[in-house]
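For clarity, chains are labelled A, B, C and D in written order, and residue numbers in each chain start from 1.
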Amino acid sequence: MPRFEPKNPDYRAVATATFGRQQAMRSFGISIAHLEPGEIDLTMPYSADFTQQNGFVHAGVITAALDTACGIAAFSLMPDGADILTVEFKTNLLAPAKGERFIFRGAVVKPGRTLTVCEARAYAVSGSGESLIATMTGTLMAMLPRNGSAAA
Amino acid sequence: MPRFEPKNPDYRAVATATFGRQQAMRSFGISIAHLEPGEIDLTMPYSADFTQQNGFVHAGVITAALDTACGIAAFSLMPDGADILTVEFKTNLLAPAKGERFIFRGAVVKPGRTLTVCEARAYAVSGSGESLIATMTGTLMAMLPRNGSAAA
Amino acid sequence: MPRFEPKNPDYRAVATATFGRQQAMRSFGISIAHLEPGEIDLTMPYSADFTQQNGFVHAGVITAALDTACGIAAFSLMPDGADILTVEFKTNLLAPAKGERFIFRGAVVKPGRTLTVCEARAYAVSGSGESLIATMTGTLMAMLPRNGSAAA
Amino acid sequence: MPRFEPKNPDYRAVATATFGRQQAMRSFGISIAHLEPGEIDLTMPYSADFTQQNGFVHAGVITAALDTACGIAAFSLMPDGADILTVEFKTNLLAPAKGERFIFRGAVVKPGRTLTVCEARAYAVSGSGESLIATMTGTLMAMLPRNGSAAA
């Protein structure tokens, strides 16, 4: 059972469309594996194109996926017509991002009219299973339409 | 005059080589514009391939550049044979990443034998000049060679 | 010359009064040493009452001072009738908080109608001078009065 | 069943003694409610002495408790003779700290030989139950004894 009640009954279509407009997600090969109100799983294959000096996925790319996981999780609880922007986030890198693919699990901790706080975790997946490689806490802001028109 | 004295007289070659092995930087089109001991400027053109839903550069890509700016700034002060990893960072997004290109300025705040703390700022550049779009504070860790051999 | 123009001509009286209502500041012995629009210096004597296990000032107390420095700096740029709350902050502890007294310098990085981002630094003062011991980046939120009455 | 195996069989006595030497905890009225390897609950009564301008507990005091919760949780997994220091932490304030008392739950996310990452949550307790008011992610560093003598 979902932990949150969406304000927008169309939340799935709107959240999926917003994700789909993030060209960065397409370039990184990231897709949505699971979506519930306030919760999301993303998945990404390993790609040598986005690595740091030792061949592991760059922390910024892991962060991009965690940020989008937080953003779409928060966005799924926002009212119709809202847009969303990231205020800030903090990432802890717990282990090198090495694996065949990666999973990013984001969830809303505290929804709010203006600000929503989310947490997300990144896992590397290989033959031996999943291992936690990074955590994020992020603050997202709803841009609400005023006077019937969407905010710029 | 540089604010810091490098431990490794070869710091420039070593830092530049490490940057050059970050395939993510090449994919994002990021290059080194300036490098002094403990200080670095990176530059990146706008690319539609790495955008979020409104066509601005994705916060994770901005973060990747800020993280590498912090990492190479910290690395330039480390002794010969060291490797470096990011422990954690926090990014504040101050304005949308829209512009023709972007500059990332990183500097060491506090160098240490094990941990080094850095700050970096991202600027969007357009016809009207530079504007601050994001800040990072990051903690980097030196992986020092033991018993004459480099750490794994 | 101040970097920022206050919206409230009475900013000094209002900011000072808000600081004065923070009973925690009185308990820690913290006072305002300097205040300009968007900038503040606080000072605090060493007190054995607020130490961690090695007799240094507890990181949470250093953080309390940094948070109030950010908060009052942000508040000094807000319009008449606003209240302020802290959304989040991140502190890096660079050196043990040992010294005869401490200085906390806070400044606004990016003011905004709803959110303001600030940075602050903590310095230990002893016979040998000032040394940087901690940094903060914080996000503050303006609570604006609606319909003529102050927000709850 | 505890999630972690302590390296020091005496972990409880050592962790409790370290907590007991934090004079700040005594001044804030904070005590240990529960301690397992890598996990701790602290409790604190409301005190008007440590409030911000609206009479709620100051975010820095909430942070002090969260930091000690992280620190003692991390410390409980460290080997005999280690000392501990906080590298950095980030706090999100989700709701005003109003209540009769407060609970702080800290747990190790990733233990390490040098660095340990922890998370902690603060709850306000009143007649109507517990509510989440703040979260922390923190990085702690073990100071290990070298050559048989404790690090300074």
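To be clear about the criterion, a contact is a pair of C-beta atoms (placed from the backbone, for glycine too) under 8 Å apart; a residue touches a chain by one contact, two chains touch by 3 or more.
The model shown is predicted, which means the values in this text are computed figures rather than measured ones.
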Chain pair with the higher count of C-beta pairs in contact (A-D, B-D): A-D
Gap in Å, rounded to a whole number, between the CA centres of subunit D and subunit A: 29
Between subunit D and subunit B, distance of the C-alpha-averaged centres to the nearest whole Å: 32
Sites on subunit C at which at least two other chains make contact: 87-88, 90, 92, 117, 139
Topology of the chain contact graph, where touching chains are joined (line, ring, star, complete, other): complete
Partner subunit B, residues of subunit D touching it in the complex: 87-88, 90, 114-115, 117, 139, 141
In the complex, subunit C residues that touch subunit B: 90, 92, 94-95, 109-110, 117, 119, 132, 135, 137, 139
Interfacial residue positions of subunit B with respect to subunit A in the complex: 18-19, 21-24, 27, 48-54, 57-61, 63-68, 83, 85-93, 96
